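Chain naming follows the written order as A, B and C, and within any one chain the residues start at number 1.
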Amino acid sequence: MIRKPSASLQARRAQFKLYKEDVQKRGKPFFPYAMFHDTVMSLIVVVVIIALACVWKWTTPGDHTGTGAGWLGPLYAGKADPGTTSFVPRPDWYFYFLFYLLRIFKWPDSVILGTVGIPTIIIVLMLLLPFVDVRRERRLSHRPVAVVICILTVLAMGTLTYKGATAKEALASETLGAVPTWVKKNKLPKEAVPGAMLFAQSGCLTCHTYLGTGSSNLGAPDLSAIGKKGLGIDTQIKHLKDPSSVTPGSPMPPFASLGEDNLRKLAIFLEASKGGG
Amino acid sequence: MESGPGDEKTHLPSPTLWPIGFAIGLAALLVGLIVSWVVVAIGAAIAVVFGLLWVIDLSHAHGGAEGEPPPVAEAAPAGAPPEAPAEPAAEPERFPRNRFLEGTTLGLGALIGGLIMVPSLGLVAASGIEGQTFKDVDLGPLSNFPEGQFIITTFVEDPAAGEVSRRTAYIRYNGLLGELPSFTILSNRCAHLGCPVQPNGPVASKPSEVVVDKQGNVVRKLTPAKPAGFGCPCHGGQYDTEGNRIAGPPVRALDRYEYSIVHGRLVLGSAYSVAKVKDTGKDAKIKKELLHNPGQHVEGPEAWLWPIPEIRT
Amino acid sequence: MADPGDPDLMAAKSARRKQVEGMVLYPLDWLEERSGLVGGIKYFLFRKVPGDTGWAHTLGSATLTAFIVQAITGVILAMFYKPSPDEAYASIQHITNDVTFGWLVRGMHRWGASVFIILLFFHMARVFLYGAYKYPRELNWIIGVFLLILGMFEGFTGYLLPYDQTAYWATVVGMNITANGPFVGTLMGQFLQGGPAIGSDTLARFYSLHMLVAPGLIFALIGLHLYLVIRLGVSSPPWSKEAAGDEYIEREEPPPARAGLVSPATRQRPQP
């Protein structure tokens, strides 16, 4: 079925024809003019790739082999262990924005949005772009929507990528190293140290912050100066065993399974944390 | 192809099939020199017979050369004129089998495509689905698991598959339920997207048991721990000691393993999914669901989005 | 060409020049008569492009260069890499530590991937901002989106190949994200993994996808992409004063006097 082309399609075709004539009349041959630019840029690309490879290798500590991390990360991590309990998985950096998106959608019902929903919507929008934007206008000064979309996309992806890169979980494998700093900053006595290590290992920092480590979740207070409140060892232990009995309505889960011994050590540490760092 | 001054016509040999037989005989002869004398004899005989026939043919052709080309040449022009006037009239019917040929070509092409692609894709798809049943894993005597204590158990699900089937489970012996030992066995794969979940609590610095196979691979490793819960390093999921989700994006509780006691040893069975476990320890009420991939709800309205669980044949 | 000077000198130059030219041109003519390739290449090299194309237009060919680096380094790495779960890690260590310049080729491949992805995004942004996805280049944009998806798929499948902790767990999560798709998610995940979990076949499957399927598709789509660029031409920057084909902007009335302050002044086509 052959329909007469619409006026806008005719105008487009006429403009394209004009473009072709313009290029024939006023254009420059691809070689050497444009190809020169292409070649210079390609050379820069290759040099950058080689430079990155060299930096990756030669900043690796020691004899430049092995799993130590240099400026650009380790040459390789340890061998794959499907039964690990201490590894922190991360994707390649260009997937960080998707990775952080998954951390934003914390509610179980919304998980599918972050995994499937948003990426699919983005791809569909990208594919449909030439059919959504049918204006012939190409000047940025006359395309406010396009400029805004571009800026928002760059900002969003940049922020998500950065947040993904710096995301940390308060897990034993990562936070135990902070204990000596706490001892110094809070001037913790010797008997508080085992409690400090337990505190670092037991997931407390998932919701509480302490001297700059950890994250603040579900309204959990910072504990750097909890000892100043004068709650006393017994109340601390009672609270750890069943938080709602001391603070009604508290979302904190019970930690009774740590055992009497460990709970006492934790309480000593908490009571000794009087801030001052 | 220009004839010399002495030729009126070029003498091209007439078509003949005898050389083929001659060549076969010759080839058989040469092969027979390597293989066996019988073949040589047969080859020689064939070569001689066909060679003679060829020579006879050539001499006949040479003698009757003038006779051959003219009849051929006459036949052609005689044939052409009768056809030519017929052509314009018969134009639309020149290729009456057009449609048939089109259809057959496409059909055969589709058949070829199918013959190539179906087995290949079938292999790729089927291999993703078959032959992956759980195998029982022996985790050692019951004395390895003191009551009320979590043991981080690393084991190899399938020794034939090797390291790639290594898994970790958090196992706690809950005491006797009636007469039978009750265990809580939690998978360490997060129910959000499968990252390895870590214990929130102190872990013993040395394992309580390490079993090594003949090649030196660690087949089983048991490490006591006192977690108050479990946390996931990827996106912040938190679980309690029953494996139920406390916080974060996990969509259900941690998967669990079936188990059996065989000759006083704990044997691990297949894994299954649970939405949420009520009560704790040996009083826990567990509604078993088919094993689902992480991230898939197993109850509630969203569960209908994933009607097909993992397929293990 | 040559200045009309001494006729004898001209003649001598011509004869020798003719000889050299003949030697060079003969094989080219031979090739051209039998294939038409030489003419095709000449058309590609000497075709006209708008005079105001700038450095921003080099991003596409830069991306292609990065991809070619990946292809070449990938071929070399494939000569040393062993795609089995038991040997992959050791072969990567071998390449990085023992093979001469193995560290360089592997480093180029690994960082070339990142550079390739960055350039893909920059090129896409450039095309978007220049409005070069509009008529008649819509198909090229769509092909570009598929190239972006394939590029990221290459990155994902390649990430598993060293089979270290980072590789394994990133792939576990990626596969579970795939399985999160409604209805057929589990099947797709099992299809890619070669089983209900990452198993002994997963690595080989990813290797085949990374080395054969995805590059094949990428090469084919790049070919199509370039063909369209040559056929449809490169668009001028939209703000250029000499933009090719720019005269459709007709205003009903001439803009007010302060037009140059708040919007670009009406452009006139340069008189020939």
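Note that in this section contacts are C-beta pairs under 8 Å (C-beta built on N, C-alpha and C of every residue); 3 or more make two chains touch, one makes a residue touch a chain.
This structure is a prediction, so every number in the text was calculated from the model and none was measured.
Taking the CA centroid of subunit A as reference, the farthest chain centroid is that of B. Every chain gets a centre from its CA atoms, and the centre nearest the mean of all protein CA atoms is that of C.
Note on chain placement: the centre of subunit A and the centre of subunit C lie 29 Å apart, centres being C-alpha means.
Between subunit B and subunit C, the centres computed from C-alpha atoms are 32 Å apart.
Look at where the CA atoms of subunit A average out and do the same for subunit B: the two points lie 36 Å apart.
For subunit A, residues touching at least two other chains, in rising order: 80-82, 84, 87, 89, 111-112, 115. The set of subunit C residues touching two or more other chains comprises 85, 169, 172-173, 177, 180, 182, 185, 198. Residue positions of subunit B touching 2 or more other chains, listed in rising order: 163-165, 193, 195-196, 234, 295, 305. Put simply, subunit B touches subunit C in their complex at residues 124-125, 127-129, 132, 161-165, 189, 193-196, 234, 291-296, 305-312.
Those residues of subunit C lying in contact with subunit A across their complex are 44-51, 53-55, 57-59, 61-62, 65-66, 69, 85, 89, 92-93, 96-97, 103-104, 106-108, 110-115, 117-119, 125, 128-138, 141-142, 145, 148-149, 152, 155-156, 159, 162-170, 172-174, 177, 180-182, 185, 198, 233-235, 238-239, 242, 244-245, 247-248, 263-264, 272.
Interface residues of subunit B, counted against subunit A in their complex, comprise 152, 154-155, 163-168, 188, 192-193, 195-203, 226-229, 231-236, 238, 240-241, 245-252, 295, 297, 302, 305.
Across the complex, subunit A meets subunit C through its residues 11-12, 14-16, 18-20, 22-31, 33-35, 37-38, 40-42, 44-46, 48-50, 52-54, 56-57, 64-65, 72, 75-82, 84, 87, 89-95, 111-112, 115-116, 123, 126-127, 129-131, 133-143, 146-147, 150, 154. The touching residues of subunit C, when paired with subunit B in their complex, are 85-86, 169, 172-173, 175-177, 179-180, 182-187, 189-202, 205.
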